[in-house]
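Can you read through this structure? Questions will come right after.
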């Protein structure tokens, strides 16, 4: 194929990227693979010996494991946001990221989904959670937020997969032509025999629109529901109405941060600089800034309101967070999530990839800490002073956390080699649009 | 039966518009495009496809299923928790809402496959052609 | 600072007139007017601040729809100075607040009044700064838009916490921090929806008009979903926790006949009608439908504000109507003439960023 | 361009994914196996024919299982009960000789349970017998069985079903904790 | 005269015996066993039998009934209306089952050859003892038999066996010998006895040191009496430290250690003139008359406090002064006891609330003086074979005496006991004794009271009753004696009782006989003599180390039982290991926090103990429970032979070590959260706002009421709960991590003034329980009878319920609960076992509710009020817990719940708990 046609170099580079493995990739694959194995081994230990291997106790019944669950679900959010919401808002910079972000979403949900299982005391009867009445005539309790989670997370997984896949169909068809032999066949099958006829495009466009329309409220609701795991309780520090928007904002914050963390090296190592321009990163940076403002705003509101009413419970709880044994983490979270991102008000910061990369990591450190503080501090200091206690994680929890990152990166590395990491067709379209505009006076 | 190919979108559209204005019946025109060009459909005066009906049907079915499942589950084995009413709508609406979205999306997807005739054996054939440029095929008598 | 193009005279008349009218109603001892002021002023706040916020946001995101009505939306900026003024009238009414009996560090008369007036003033100023630049088509609008939006968010939060939540002290709902700004935004968009109809009559709708109307419809639709979500999120948590102190807020309103009636009303008006009304494809394209929905939204918000105030505080229907009339009047008067700058072209210059 | 890359990547990827999925399937399979059922009709140390005693001779169940109406546990009879007849009757039968062997050796007989419930189910024969539930409702037609066989599922759903139709309590504490 | 079989049957030997022949293997779900013969009549497999017997964890002799299932004791409870206990059973009584099943119990005889003890057969062991006895007799060396307090049949047997075996039965050894009291009463009234107290009648009660609620003579009974005191009763307690008794008194006077004589002397002078029983002139003349100022100065008690106390005593209708324990275990302890006795006399308590005639029967108990004498005789090599039975002198003798070494002086050392201890370790022959629940026995813990002990289980090891050992030794010495101790006992009973009497005795487990004692009179001369001997010296200034007795292990004899370490110390909530209680002020001065280790030195003696802050404590006072010390650092008061327990001038320094320490309380104060609202008023009785519909409780609505004014924090309820519900006992490591499993806990809350409130917290069975709706699988739900049910087999272990429980009463099984054999036999078959990953909690002993309903159904009636008694309520010595059905309008619970001042914890959360608390108001009959 010639380079003359609009966007053909996108096609070449992206599909070309599929071919070159490189030692970095293999090393990464090995490391993350080992971590993923570690995750499963440690989980096995928890199942066989019991959750006593963790640092959990009375009153702190949830900690690192649930923190990870919330964290990964949060990571999962940017994908659909970038794909669906930005699609509806017709934001151009979407095209550089949507594919990898969608992949990220799918993998993050897979990883996140493991944690509710890991933290179960008796995972071997997890099927009590599923809505089937067999042999017991008794159902799950749909009044509990956990079945909401089951539904929300599975729904989100399925819809994201569909969205991810549908968006990829035309590109798969392209890939098929570029790759000879078996893989070509595989891509052919995956592309369902897409040919890009007018008919197909017409329905395809509608489908994509509807998927986006469904996915957008889903994004909001999924993390709202996750937030309600805490907010429906009456635990001081958990039971507060702002949680839904607060968590959603936080999720998007961490998600976009993860997009930066992943896409900046990917851009470099797959040599896609040409197709992921800085301008697009600036767009992402703006989202990050915006959500960080919302999150910081919530911090202020929450700490402030704790002093508003007469009840001692809230007041003590928030004082405990800021000045208790967890104060270090608390202030770390404030700095990472609410202060450092403010640098993005500067255009230079928004356009500096190294800073964005670092910031992405810092923000995710901050977001992880936020969930940890929120969960652990609230539990360790609730109503009955006699029952107050403190928690610190054990090797098992730390290992499992590391393992979850391993599993996630394992998935992502595979993706970066096996599938087109940039939406080729859409990029072409975008290029065409740009060309069209420049054409018109 | 004529086959016209274009690299650029604009000339493709121009030619298409010309064809239609020249009175070529749209149903005789077949297109192939490397990416979506909304205007093409407008020019051919095609109505937005029926995918939405699938989406709608799916959504309604989902909401119904959600409510039915939850309400049936508590009525069939009523257990009092936290003093809440046996049929506690707020949480059940949530389940309904989630299934609305799930079934809606799946419905839309199914509809798409149906309408776009995919997976298409023709497309799967080894020699199937894929547009990496814009193609207009006018069937029937020779175009000028 | 420029007159913002408007015949300053007309604007002054509008502001003075409204202020005078309010003062008359409130101070000239119309007995039962007590709760009305909070409702009316809060509505004015949502309208005046919301419209400008909508304009600012669309400038930032470079949305196109704003173009044709941008100028009219920015009228809000001109009315904002009124807010600080009118709020001062609340001084004699502060007795309404349960905390007035035993004041605390945060909730006490002087600070309460001071912080709100100051904030309203600040927002008004920022609104002015932004609006002038926007109308001038000044390329350096964005920083001011951002600054304004931030102030707007804080101000609306205070409206929620101070004006309404503290009526039910010690009842707390942190959600108000998002709920009120979003509502104000919702109101702003709704006003835009109305303006489209007006412009439509005046033939001001350009070729892009239909598409723009669809965008407004889409926005309204989106906001109806967002609003519904926030509302549900808040209700679900109260319902689920069932803490006596929290749910008393709801049970009171269920006990009071008037408020019980208002509940379905405002939920329908703010969520059901916009949602189902704008669900069909075509509906969004019809300015008429969009305008109708907008009206429903505005009424819904009004109903909700009443709901928040009523159980504790009597609201004089007459006074309220009068005051709302004054607000509307002020708006009409402050409207720009057609030949003023800041039309679509300027919008294209200022907006349309990536 | 034929780099080794793609195949390598594909292999690694395929392996990793396949391994992960396989692990999960294995786990689920193990779980299913672990929930495996007890045998329906186990062999017993003495092939005691209920069909003879309860069937042909028409002995009441409670004739031997005396505790059924008065205790949570029906219990199997002590060998002395058997010996009241088998001191004199059917001495030539091999199984009876087995029985007498046990008695002679002073060794208790250890039967394999056919109808067993998990530890967390508190079932009391007394209440069921006194409520007039026929033994066969749960134990099937033992009187026709040469070797006792479990014919009822004995699952919770099955219990609940009967409790509902008979208006018996279905509160969880009836059978659990 | 009935025939043997009926006789035995009356005694319940057969049912007991049936228990012994364990019929159906308890938990085997795979097999069924055909026994050879049916169990004896009256025994139905799968149903439990109750046995009346007696608790032996301390000398008090409280009644105890034991529940048998499948031939094993599975629960111990109090005997309602018992003359000693009044119906409760203390934390140690609950733990006595743990002693029975203790894995470390001696399973067989051991004989020393070479250096070490090694297992041996009874025959070896006994023949070795017999030959040693023979040799000694030949050499003309009389042996010595040192035993713990021994009463009733065994005392009689010993009295006759000792001489027969050429042994001298030494005065009994008890660490808490109350020697000073007995000495004083001996001097003053010629009755060297520990009087029987009636603490229920006094309207003004002053206890000096005497820890009525913990270890003093008969704590359970005294506790029951004290809380039952008349309305408006005022109870002062004076002591240097802060004991559980002090914490529960109406007013606690912090007394400078050693200043007790001042307080009592001043009081005597204050009340004597106006007293209802005037003292003889000679006595009055000899009476020391310290000025109130000097007294205040010396004791550190404020003048007005003294005034108030004096006035109250003088004005009281039924005053009572008791001094003992810490107060008499000191130099001048005799003076304290004597002054107290004189106060009792002159205030008219003696003969009314202080009964010397029907005393506690401590007459034959010795003191450290006798132990010292033994030591000297051993050194002089005058002792032949030395027996030590049921006593641990090595542990309790002052460390300076080096008693262990001196034991070598005997030709052979024979120890009888059930658990290896410091003394048995020194023995040449160790003979394992059967647990009192494995043997027949008859006790007489106080004058005129006989108590029956009968076997409830087959001996778990190759152990024997002490009586059988003695008889066997005599048999080997050529005597003809009863074939067995059991036969001997039965012969006695057959002789003593007729059919009816025996039935009654057997059913109740105890029988009272009239005791006639001469009315005691005051020996004026002796009194004057004693008063002249009173030295009022200013107490030494500076720090003081108080060696306090422990409610959990008495004098240390129960310390080996793990359950008693699992249940927290009432005042500090420390569970495992030793500690030293430090006043917050001292802690600041020493710069120690909870868990930091302190080195305590007294002369040459030193020990390292982690510190625990105790708000109620006076500065300068450090408290160690004496049983946790490796050896006894104190000395002896030569006048009385009491061990000295308040030691001046301890050295204290940080070792720098320290770390997390196993205590359970997250905060000693309520943090102003009003768990116990103060002042108590019903908070806003109007119905609370709620969005939920009312839900009905058609049949029953189980409810509990707890009287915090009756709760003394003793922890009996908690221990009872552990045993009844198989609550896992997790150990120190888990406790350090904050993973205790107790379903029921008593939260001590200190107020600013150092006063303590005890709040028992168990699952509140809320009607709008936050824990229920969050469970995804309905493992937690609200049943129609108002219980917050936890279905263990449905639980998948999300721990969400626990997170959302404001009372934090839910317990998660972090690991599989394991119990070392034979402790695994101590298991309530009515409950399903909980494995790892399952959340568990209190359900008002739902198994007992079910049992009661079952019983009622059989008898075709409704469940009666008071028929269902949860384990905690049953054991509570002070009947602070009442349980019942709120639907039953006539029930006690209904009345208590309605009573003014009844409240529920965290009522503002709208959880609508079923546990109501109140202060006073409820009258506590069982």
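A, B, C, D and E label the chains in the order they appear, each numbered from 1.
The rule we apply is simple: a residue touches a chain if its C-beta (ideal position, glycine included) is under 8 Å from a C-beta of that chain, and two chains touch if they have at least 3 such contacts.
Values in this document were obtained by computation on a predicted structure and should not be read as measured data.
Colleague: List every chain that touches both subunit C and subunit E.
Modeller: A, B
Colleague: Among all other chains, pick the one whose mean CA position is farthest from the mean CA position of subunit E.
Modeller: B
Colleague: Find the most central chain, measuring centrality by the gap between its CA centroid and the centroid of all protein CA atoms shown.
Modeller: So the chain nearest the centre of the shown protein is A.
Colleague: Looking at B-E and A-D, which pair shares more C-beta contacts?
Modeller: Per the contact counts, A-D leads.
Colleague: When the centre of a chain is set as the mean of its C-alpha atoms, what distance in Å lies between subunit C and subunit D?
Modeller: Between these chains, centre-to-centre, one finds 71 Å.
Colleague: Whole-Å distance, subunit D centre to subunit E centre, using C-alpha means?
Modeller: 46
Colleague: Averaging over Cα atoms per chain, report the distance between subunit A and subunit C in Å.
Modeller: Averaging C-alpha atoms per chain gives centres 35 Å apart.
Colleague: If you average the CA atoms of subunit B and of subunit D, how far apart do the two points sit, in angstrom?
Modeller: 56
Colleague: Which residue numbers or ranges of subunit C touch two or more of the other chains?
Modeller: In subunit C, 236, 238-240, 242-243, 245 touch at least two other chains.
Colleague: Mind pulling the residue numbers of subunit E that touch at least two other chains?
Modeller: Expected reply: 690, 692, 768, 770, 773-775, 778, 781, 783-784, 794, 908-909.
Colleague: What positions in subunit B touch 2 or more of the other chains?
Modeller: Correct list: 48, 52, 79, 81-84, 91, 94.
Colleague: Taking the complex as given, what residues does subunit E use to touch subunit C?
Modeller: 688-692, 768, 773, 908-910
Colleague: Under the touch definition given earlier, write down the residues of subunit C that touch subunit E in their complex.
Modeller: Result: residues 238-240, 242-245, 247-248, 250-252 of subunit C touch subunit E.
Colleague: Of all residues in subunit A, which touch subunit E in the complex?
Modeller: Touch residues, subunit A against subunit E: 49-52, 55-62, 119-123, 125-126, 128-129, 138-141, 143-147, 150, 229, 232-235, 311-313, 316, 379, 382-390.
Colleague: Going by the contact rule at the top, pick out the subunit D residues touching subunit E in the complex.
Modeller: 38, 67, 70-73, 75-81, 103, 106, 108-113, 116-122, 124, 126-127, 130, 171-173, 176-177
Colleague: Note which residues of subunit B are touching subunit A in the complex, please.
Modeller: Residues 7-10, 29-38, 40-41, 44, 46, 48-49, 51-52, 55, 69-70, 73-74, 76-77, 79, 81-82, 84, 88, 91-92, 94-95, 97-99, 101-102, 104-106, 108-109, 111-113, 115-126, 128-133.
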